[in-house]
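To start, I am sharing the structure in question, which I have written as structure tokens.
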Amino acid sequence: MQPSLNQQNERNDTVLTPAFVATAGAPRWIPPVLDQALRLRLHDRMVKARATEEMLIRMMRTGHGYFWIGGPGEEAYGSALGLLVHKGHGPAYDYLHLHYRSSAVVLAMGSEPIDILRQMRGTVTDPYSKGRNFVNHFAIKPWNIVPVTPTIETQYLMAPGTAHMQRRHGGIGCSIVTGGDAGSAEGDFYSAMNWSTRPGGELPVLMLIAQNHYGISTSAETVQNTPNLHQRADGFRIRNARVDGNDPIASWHALVEALNYVRHERKPYVLQVNCSRLYGHSSSSGANRYDEPCCVALYEKRLISENVATETELKLVWDKWNALLSDALKVVITEPMPAQEHVLQHVWHRGAAGNGPVEPKQ
Amino acid sequence: MQPSLNQQNERNDTVLTPAFVATAGAPRWIPPVLDQALRLRLHDRMVKARATEEMLIRMMRTGHGYFWIGGPGEEAYGSALGLLVHKGHGPAYDYLHLHYRSSAVVLAMGSEPIDILRQMRGTVTDPYSKGRNFVNHFAIKPWNIVPVTPTIETQYLMAPGTAHMQRRHGGIGCSIVTGGDAGSAEGDFYSAMNWSTRPGGELPVLMLIAQNHYGISTSAETVQNTPNLHQRADGFRIRNARVDGNDPIASWHALVEALNYVRHERKPYVLQVNCSRLYGHSSSSGANRYDEPCCVALYEKRLISENVATETELKLVWDKWNALLSDALKVVITEPMPAQEHVLQHVWHRGAAGNGPVEPKQ
Amino acid sequence: MANLAQAIRMALHYGETHLGVTDIFGQDVGAPLGGVFTCTQGLKTAWNTPLDERGIIGTALGIAYAGGKPVAEIQFCDYIYNCIDLLKLCGNAHWSSAGEYHVPMVLMTPVGAGIHGSMYHSHSFESMASHIQGWTIVMPSNAKDAYGLLLAAIADPNPVLFLAPKGLMRAKGDELIAGEPQDERTLHAMIDAPVGDRAGWQPNWPDLQDYRVPFGQAKICHSGSSLTVVSYGRQLPACVAVARELEAEQIDAEVIDLRTIYPWDAATVFASVRKTGRLLVVNEDTEITNFGEHLIRRVVDSCFYDLLAPPRMLAGLDVPGVGLAWGYEKHSVPQPDDIAAAMRQLVAIIA
Amino acid sequence: MANLAQAIRMALHYGETHLGVTDIFGQDVGAPLGGVFTCTQGLKTAWNTPLDERGIIGTALGIAYAGGKPVAEIQFCDYIYNCIDLLKLCGNAHWSSAGEYHVPMVLMTPVGAGIHGSMYHSHSFESMASHIQGWTIVMPSNAKDAYGLLLAAIADPNPVLFLAPKGLMRAKGDELIAGEPQDERTLHAMIDAPVGDRAGWQPNWPDLQDYRVPFGQAKICHSGSSLTVVSYGRQLPACVAVARELEAEQIDAEVIDLRTIYPWDAATVFASVRKTGRLLVVNEDTEITNFGEHLIRRVVDSCFYDLLAPPRMLAGLDVPGVGLAWGYEKHSVPQPDDIAAAMRQLVAIIA
């Protein structure tokens, strides 16, 4: 385990976590001001995510994993979202229904990159799935991150369920669901909008569409009639907007606006984030770098030109994460792989009262 | 069989069927003018449908059928639609993807009421399903009426398929799909809109939502956020409108406008028809008369007040259909019921080339 | 005695007052109807959903994730076939998250033929369901078991599928449920919603007691030594009735009510087959890749040398549906005469 | 020799040029990719759909209703589970409409494990599929059968489900397909899309010939008299390889490739079991309510007195998925060693 650097980040996070103020009246959520420190923090988290993904691709190439799918290109909005989450366990906090390009979100929330490497390799130590699921398929109960499903768009069906509990609970917790543009063609996206707008039962759900204009090899505009899928929410009278997801600052503000609305109005919101798919769909298509705008490079240019940081300072961030990652890899490749004894673990949950099911006596 | 009256109707229909004019340029569809004769024809068809449904309810009450579900309350728009269909076989003509409240459509197209009675009773002579399916579950291949499914909203998924063939074929044929308001909550409704608007592949589909504000016992407005479900099409940039489905004249004009657009623009259109559900959901809830506006009574008032017909003339229409129906019932109850030999018929289709499947040799 | 629908309703009431049920929902589950089979009348946590089965199961999973205890209903099992992926996700969440999450949800759905449901409203679902992992699957054949199995389902921290035979919903039990009043008219007056206006109606619940039927425990409903008949749900009472009739012919059938489809009670079944040497499985699901074939495979595997005759299955014919007209149902779904014939045949085989 | 993916592609080309196929469609089926397994590269009627499986099957049904001949693809069978209702509707349309309509559609989908597909991309689908009525279901184990079964599927006027084993997509046949060039590099140059830019690429199709594998005809791939092994798809070549190995141990297995799951070739299977007295069914679907259990039930029913040992099934473990890491797959999906062990055990049983 490589705890030091990352744990330090976690400590700093405490300062940055958006404030939840319980006023005399309704509880209020006060997002942190996007000052210089926070801009750097955002950069740090974006690099953390990108460096992790690039390490995953290297692992795939060098035989330390079978299959890669992940989020390079989605770090700007993803990191902003991760820093804005009301993080914790239970309906007072946000629930996250993520998809396979959400590494930036969980890394910005404070996850350890090494755990993602573990899932990539499929070790027993993989905390998300014990080597059972593809990489970037998270499940983190203390932070309300529900299991990422291998089926496209089904996460949208579950978000109204967690949001229903949050509506009943009160407070500012909301349910955040992410997915791709092509996936929005499944009826489930519309089910989520319908269930979130039952009269008198409106639900605090923030629905994100990561619009990268592709579903595997299929160009979005050849199969759906609009590059502005968020406008599908119009028919449900759901507030919606679009933002340049390659711009972390714009994404931050768009997310703050959306989350403020969802948290306090207790109603749904659809936000389309336009972003790049920097290494293609997955390792199936080679995971080669695409010639699309890179949010990290763009942001670094901006930080330098606005004198928030120097090139050297930014490079140090890369060095820090790359070092942590290569140390992590060294650890991960020594860890045990699943064996026969692991196959039947966790099929059933044993209740606290010992009232789990009878194991098949067969 | 009681052919005379109805066959006479069929002959008259030829005159009324909308004209399909092949001009030098694109083919044009010219709907008939809604003159006095046609207004009476519309009334005739509405009565035909209502009288048939009331006979079905009587059959259910007197043990001549197990279960009733049908369309009383949907005669106004249904009859208008039935008279406007471009009726025939193959992609040059309209395809109909109907649901269980569409008796007025098929009766206005010229179906024999006796056949519906046959399906109600479940006789072998039932031409739609040989006594296999619930009443009002049609399948009429010469008129492109595809099998009505017992599952809500799945018909919306098939309409893009028939419309795809019509788009390829050219001409004015379109696919017409009907369904209820509550059913529009299934993702399939949205799938249909999405598939009908693929850029460069737009499809000639007319989607109707029969808005009666109920799904079984559930009041629509308690589970969906709008009484104007047609506006869900806004998010797809699909042209849409709403009409008073209890008014056959208004429905006629709305359908002419919608069909004109779909036939000639070769693009989808969503039309909400607000109507009554006059005998509740089905025989499960008793099939008792509800206190809701009755489109037939309203229309008769209007025909009288506008001096299109006298009360006596209108009553004759009822007498005609009621007589035909009671004669039909007498025939139907003498017809054979399915027996063991019928169970395995029509599981497989034998191809023209004799290339049907090997029957399981088991 | 309570009928099966009333037993379900009472179990749900007990669940929401004693076992932490937070939400009972589905199409027409809330007021005014309280379910197309009346199973959810008068329950305080019952609510109506949009007509969207995928939304129902997805929402149940979300509620379970967020600490609630949902009991969701699919109005007829016949409408569940667009949700098999979601059932798989509910059933694999614990395993896929390496034990991080678990899914304490109950899914109820009516199954089977016998109510003139016509070609699409007469499905059995146990065969397909038993092929989906991570679910416990139960199916009562009487009111008391319905109550006991549903309480066990609610208390379980894993997903449980509760299959209620459509054809038995109105069937009265022959054993009182703990707390149920002696007189069924009293019960009716207390908990059945009135026929007309229900706006002001409130149920008056009896003082119900905890009673659970443990998962994986079959019940011998008629003992005998001539042959073993394994059944469940709607076909079970038919099997028992036939067994009683055939006593007169010196055929002593041992009729076993499986009650739990998964995990099924192999010990009881094997012990019986070892005693009788003959096995008949009766259900009304269609016959190709039928759960009864799993039972037969396992019995052949474990009791081959005890078998005096080939084990048989009597199940639904492999046709696209149960047709509406009675002739179809009679000739594609096992009838008491078919059960009697199969039992006679099996006993007649000379070992 | 062509591999299985190339064989499918050639069959589809033959279908669109000779058998009236009007539309080949699904996710990523059209240009530029031509299918995630390359099965649809260069086909003139291939097009890409929205990411919506329900729309794909519904559209196929509509096209079939309107006189077209659709070949639709679900990218992996793992994504078909929200469409079981639609499969039922396709399969019951002819019956429910009393013969008025029929549904000449083909649905292709890759199945099974063996490609490190992880917990949700390794499903087998034949068990569930065989429980749905009105479909013919085929599953080739080699390129030539894939070609012949797919042409038979296209020519059939009923819905046919074509299950292609994921793990065999790149496996080369050992028999030429009629019209296929002798040299596989020639074939590659003719019909495989280039790796880089494909904008200007056009396939150069060989002069393919009609060749059909009739439905319901199994194939004996290795004859023997010690025991009967029934398998299909990806496990079939493994069974044959093991049978060859075990010849050295005087175990003479008769290995049958079912090829058609429904209607399966009972005559061939029964004849073999009557000869050998021992049956092993091998597949990789999970073991509860598995299609292999149907085979066993039918064999027990028809050949009980010919059996010298209990018929066995070797199938996938009943777990929520095939885990990503190799240890999971190794211990939950039958491996050659497991097949060999099962064959040895079965032969060792003293009758």
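Per-chain residue numbering starts at 1, and chain names A, B, C and D are given in the order in which the chains are listed.
Quick note on the criterion: contacts are C-beta pairs under 8 Å (C-beta built on N, C-alpha and C of every residue); 3 or more make two chains touch, one makes a residue touch a chain.
The model shown is predicted, which means the values in this text are computed figures rather than measured ones.
Q: Can you check which chain pair, A-D or A-C, has more C-beta pairs in contact?
A: A-C
Q: Counting only C-alpha atoms to place each centre, which chain is farthest from chain B?
A: A
Q: What is the distance in Å between the mean C-alpha positions of chain A and chain D?
A: Computed from C-alpha means, the inter-chain centre distance equals 37 Å.
Q: How many angstrom between the C-alpha centroids of chain B and chain A?
A: Centres of chain A and chain B (C-alpha means) sit 47 Å apart.
Q: In whole angstrom, how far does the Cα centroid of chain B sit from the Cα centroid of chain D?
A: 40
Q: Residues touching two or more other chains, restricted to chain B: which are they?
A: 129-130, 132-133, 149, 151, 185-188, 191, 194, 198, 222-224, 347, 360
Q: Would you mind listing the residues of chain C that make contact with two or more other chains?
A: 49-50, 52, 54-55, 79, 85-86, 94-96, 119-120, 133-134, 262, 318-321
Q: Using the touch definition up top, name the residues of chain D that touch chain B in the complex.
A: 22-23, 49-50, 52, 54-55, 57-68, 70, 85-86, 89, 93-104, 133-134, 136, 155-158, 214-217, 262-267, 298
Q: For a test of understanding, state which residues of chain C touch chain B in their complex under the given definition.
A: Interface residues on the chain C side: 27-28, 30, 32-33, 36, 48-55, 78-79, 116, 118-121, 317-321, 323-328, 330-332.
Q: Okay, in this complex, where on chain B does chain D touch?
A: 90-91, 95, 126-130, 132-133, 137, 139-141, 144, 146-147, 149, 151, 154, 156-166, 175, 187-188, 191-192, 194-195, 198, 345-353, 355-362
Q: Over in the complex, which chain B residues touch chain C? Could you list them?
A: 66-67, 122-123, 129-134, 149-153, 182-183, 185-187, 215-218, 222-224, 284, 337-340, 342-344, 347, 360
Q: Can you name the residues of chain B that touch chain A in the complex?
A: Spelled out, the residues of chain B in touch with chain A are 185-191, 194, 197-200, 202, 221-226, 231-237.
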